[in-house]
Amino acid sequence: MFDFLEPFFFGLFALGIIGAGAAVVTLRRITAQALLMALTFACMAGMFLLLGAETIALFQVLIYVGAITILILFGVMFTKVDDRGYGLFFQQQTPWAAAVVLVIALPVAFLALSFHDPITPSAKGGDLIPLAASLFTDYSFPFEVASVLLLAALVGAIVLVKRDDQ
Amino acid sequence: MIANAWLIPGLPLAAFLMNVSFGRRWLGRWTGTIATAAVGVSAIIAIGIFFEVRAGALRTVVPLYNFMTVGDFHIDVAALIDPLSTAMLLVVTIVSFFIHVYAIGYMAHDRGFWRFFSWFPLFVFAMLILVMADNYLVMFVGWEGVGLCSYLLIGFWFERPEPAGAAKKAFVMNRIGDWGFMVGMITTFLVFGSMNFVDVFDRVARNPPAQGVLSLICLAFFLGATGKSAQLPLYSWLPDAMEGPTPVSALIHAATMVTAGVYLVARSTPLFDAAGPVLAGVAGVGALTAIFAATIALVQFDIKRVMAYSTVSQLGYMFLALGVGAPIAAMFHLITHAFFKALLFLGSGSVIHGFGDVQDMRRMGGLRSKMPLTYWTMVIAGGALAALPPLAGFWSKDEILGSAFKNGYPILWVVGVFTGGLTAFYITRAIWLTFHGVPRDRHLFDHAHESPRVMTVPLLVLAAGSILVGFIGFPPDNGFIHSFIRPAVETGTGSAAVEAGTNWLEFLTFAAISTAVGILGILLGLSMYSRGRPDPAAVSRAAGPYYDVLVNKYYVDELYDRRFVDVAKAFAGAAWAFDIHIIDGLVNRLGWAIKLSGGGLRRAQTGIVGNYALSIVGGLLLILIVYGGYATGWLHR
Amino acid sequence: MPIGPFGIDPTIWAVLRLVIAVGLAVFLVLNGALAQIFLERKIQAVMQDRIGPYHTGPFGLLQTFADAIKLLSKEDIRAKLTDAPFFLAAPAIVFSPMLASFVVLPFGPDFVGANLNVGLLYLTTLGSMTVLGVVIAGWASNNKYSLMGGLRSAGQLISYEVPQILGLVTVVLYVGSLSMVDITNSQPGLLVNVLILPFAFVTYLIAALAETNRNPFDLPEAESELVAGFLTEYSGMRWAVFFLSEYGEVTVVSAIMATLWFGGWHGPGVDAVPILGVLWFTLKTYAFVLLFMWIRATLPRLRIDQLMGFCWKVLIPLALLNILASAVIILVFADPRLPLAVTNWLLVAGLIIGLPFTQRRRLLRFRSRTRDSVGLRDARSGLSP
Amino acid sequence: MTVPLGAFIAVSAVLFFLGAAGVLVRRNAVVILMCVELMLNASNLALVAFSRRAGQLGAGNPLDQRGSVFVVFVFVIAAAEVAVGLAIILAAYRNRPTVNVDELHQMKG
């Protein structure tokens, strides 16, 4: 009797994702854009919940909302962005870009809608155990590589931002 | 023990790696100890292997690893352990060990100590590879290795111009020989489809190829041998090589490396036997070199150069033996020569070391009282060189001469005997000028001193060797060495099948003749330099132009300079012009074209990120189009 | 019909427990906040040898109610140049995750809003979301001090999330589950986790202090230097919401500590009377709340570079070391409890013994850099913790 | 009724191309970074959806979590990318006080 919930939430999240995403692309107030991006991420987490991937959803919130958005806000606050209306707030290439993107996007979306297989949430017990299992057995080497990548990013970021005079 | 024969070259290699990596910073003085210890252990293993071979392990192939595999062409790096290689192993490892010990004392005050003791074990390693190789390619690797080490060590004091030049000279001349070796090697492979000694010799025995081909191969190999063993016409690098430190001269340019050519020919005995006429050439070249070098040695005043020329002439004896088909005698002389010539060099090195690094005998004299140990060991070595019975050189040289006569080369026999006389003369002269008479340089004489024990002990050991080693060839033609090596060089057809059993009568006649000539030479030398009857100066004046020719070493270097070096220089100039005008011209044109096109293309680099991103997305679009085309299938047609 | 706990139909019980949980949450947050404010005042008074509020009500019990009413009835002020939507949104962004995190706290046997099998991850996630609110508040206030507070808190909270999570990871490794209920059930007796994993506890405690902006890590709202940081422009109910969520955060982290390291609702008589579990749980939680107050009354505030340096140079490396050691031990030993305890206690000892040395080196370095007495005075003040 | 797979994929596609358009169109470096994040997220959604589907198909193996694993890696990439990207932006901003990528064209040929 609750099976109307899933499509309902799906619609809600889809609306949030697309609306907020479009706003991020088009808006001019950068803090608003950051916040809306956070909203997009949150709705994306909802999508993951719908797909029965609650661990992924929580990671999504933890990393994107909790960390990446903050970092971006950091960037926003450090780089004082003056919304002075440059003559072209968009690139000159906007029409081209729009055309190309549309030409790609429409067929892809059309193609995507042609998958009719239903999504049924995964088995009981959630995706934590399976995820951990496959992450630490089959994908342990990529896992290590990812850790190395993170370390490199850490060091690189520090080196880039570090001022030389101190 | 044979199973881990790979340890023999392995240990010196390890020592080399260790010293060259950590020598400069940390090891310092320890490098000498490390290298010496490594070589010593190798020597012990070699002795163990010797006993096993003597117990009857006539031909063992110890595979190390697969060096290269091209199609069905395999080069396995394997150690071929047979009497021949075992004998060489013993000589190389033992003599090297003592020279290492000696060098610790000799190089003690040198800044490049660690460098020296990095190259030294490296040389030993290369030499052992050369000796233990079971095919020509690996042998060639060792061959080049020893060449390289010889270059490095001759030019050890590269700050001074002479050693650098001598090193270059040695290297270039060796290159000529190496070219010969390569030609021989490649031809061998083309003819026999293998480079493995065993296979090649089997094929030769079963169905020998055309005489001409064999002669070509043998000539090529002999060219290589002349290069490495300083025979005519490629000998002139060896005297210059004396610019290097004395232990280097002793080890590389007297005892081991220069015998590599002898070893190569002895190793290829079946080939050379099959190619008859070449052997005669080998013998001729050997005899010629022997007398040629001996005559030059008569008039040299640099003590080390005398030794160098005597080395050349002794090597000539060995080739003479090989040529007359007595490889066993050649190996025998190789072994004995390794001992007493190393001793001579170390002795002269000890003199130089104790006499303030002066090499000119005209400034020496009367040193006997100052350095008795050196003196007596030198006397022993000189006796061995002059083939006085019962010292080592006596047995081996007489065997060479005897087999030369018996195998039908009486002229060469005469030459050899005469050369023996010359040898006796110049060694007497050298020892007398050095140790007897009145000191001609008071100042240096007063500061002269006997060398430290670390240097004299090797002298004593080698002196004992020079006395005793000869008896491995006793009784003549039937001694231990013969029965030991014969299986390795036995080919049935070849003249190496010298008849076993001693013919005392003819032996004694030959021995008497050559010894008489030798003693004559000695007496002449004594009378000339002790009594001054006839006075050397007078003799030289009387000899006039001949004396000059000898002093100037037959003007060979000048000849080479004019004949070859200038030609090479001219050719190099032409090549340089070609490089400058044609090749560089082309390159410049190319660069110019690229510059032009780049200038056009750089318009695309707008520096605006968006454009780059757009181009990326455009690429995605293209991919999608192609993919869709294949998916829908209208791109197939 | 099937019988669930307390003889109630499971479907109804499923709904009921949610209601109970939310009720408890709201109860804890609101009354808890009031109680905490009262306690804080009183305890600080005692520690500072004062009396504290005593006029309104017995022992001044009603003082906080009076303050709450005052706050509620205050005029809602918003400065002109503030960024309206964010200014208004910030308190909600801070408050709602805190409230949501009460859903998975195991108040007692079967007194759990939702027993997620990723409960701990859920709590961490919600904890990380409050940062957003603080930063937004700091930015939207359009005020130098607020912005500084926001940035500070952003840096501080993001940095201290790392040791916080690392501290949890050790426990998760040991227990083998992310579900709060499983973790509680894993320590029924007296052998609670803190005896086995004290260092993880210390790590988490320090990190939690920083996460909840409590002393000595309360830089984002440092009254003396930043005029209360991101709270500067807030007043009235919004300010109250911020403080509610702060106290709520404190309660949440205290509850997490009580659950993970001190056996949650386990205690005498729980098996007989399950409802007792709630009591035990609340007692343990409030023990930590009191601990926080004690720390606040005791320790002065750190400097920002000391804060960051301590997190990145001391806390995180040690926590990583701890995780590595624990993982290896758990992998190797069939019964890892004793070796785990040994290594953890050793680490704790190392931390306690090592800190003074590092501080001394700092002092010496500083002396060598600055000769004048001013530098030395700064050095001493820099040495305060 | 349940939501078909296609719907998720369509949403992810739309978000992806929204992000792409943003990257192409905007001139503020920080905004471009945000749009890149959006694109990464869209790919996440597609990955999770397909992995869920594969989990159904994958021989009835509910442990089949490939897509999700890759999502984890995408998280890692995203975090690293944002950190380094912002660091670069700040470094550039320190030299020339602008985050407008069109004004940062010193390297143009």
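As written, the chain order gives the labels A, B, C and D, with residue 1 at the start of each chain.
Keep this in mind: a contact is a pair of C-beta atoms (placed from the backbone, for glycine too) under 8 Å apart; a residue touches a chain by one contact, two chains touch by 3 or more.
Computed from a predicted structure; not experimentally measured.
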Between chain A and chain C, which partner chains are common?
-> none
Identifier of the chain whose CA centre is least distant from the whole-structure CA centre = D
Chain A and chain D have mean C-alpha positions lying a whole-number Å distance apart equal to 6
Roughly how far is chain A from chain B, going centre to centre by Cα mean, in whole Å?
-> 74
Between the Cα centroids of chain B and chain D the separation in whole angstrom comes to 69
Chain B and chain C: spacing of chain centres that average the CA atoms, whole Å = 82
Tell me, which residues of chain D touch at least two other chains?
-> 20, 24-25, 27, 102
Provide the list of chain A residues touching at least two other chains, using ranges where the numbers run on.
-> 55, 59, 67, 71, 74, 76, 91, 93, 97, 100-101, 104, 108
Residues of chain B touching 2+ other chains?
-> 608, 610, 614, 617
In contact (per the touch rule at the top): chain pairs | A-B, A-C, A-D, B-D
Which residues, counting only chain A, touch chain D once they are in their complex?
-> 3-4, 6-7, 10, 14, 17-18, 21-22, 24-25, 30, 33-34, 37, 40-41, 44, 47-48, 50-53, 55-56, 59-60, 63-64, 67-68, 71-72, 74-76, 78-81, 86, 88-91, 93-94, 97-98, 100-101, 104-105, 108-109, 112-123, 127, 130-131, 133-135, 138-139, 142, 146, 149-150, 152-154, 156-158, 160-161, 163
In their complex, what parts of chain B are in touch with chain A?
-> 608, 610-611, 614, 617-618, 620-621, 624, 628
So, in the complex, the side of chain D touching chain B is made of residues 20, 23-25, 27, 32, 101-102, 104-109
Okay, in this complex, where on chain A does chain C touch?
-> 31-32, 35, 38, 54-55, 58-59, 61-62, 65-67, 69-71, 73-74, 76-77, 125-126, 128
Interface with chain D, chain B side, in the complex: residues 601-610, 613-614, 617
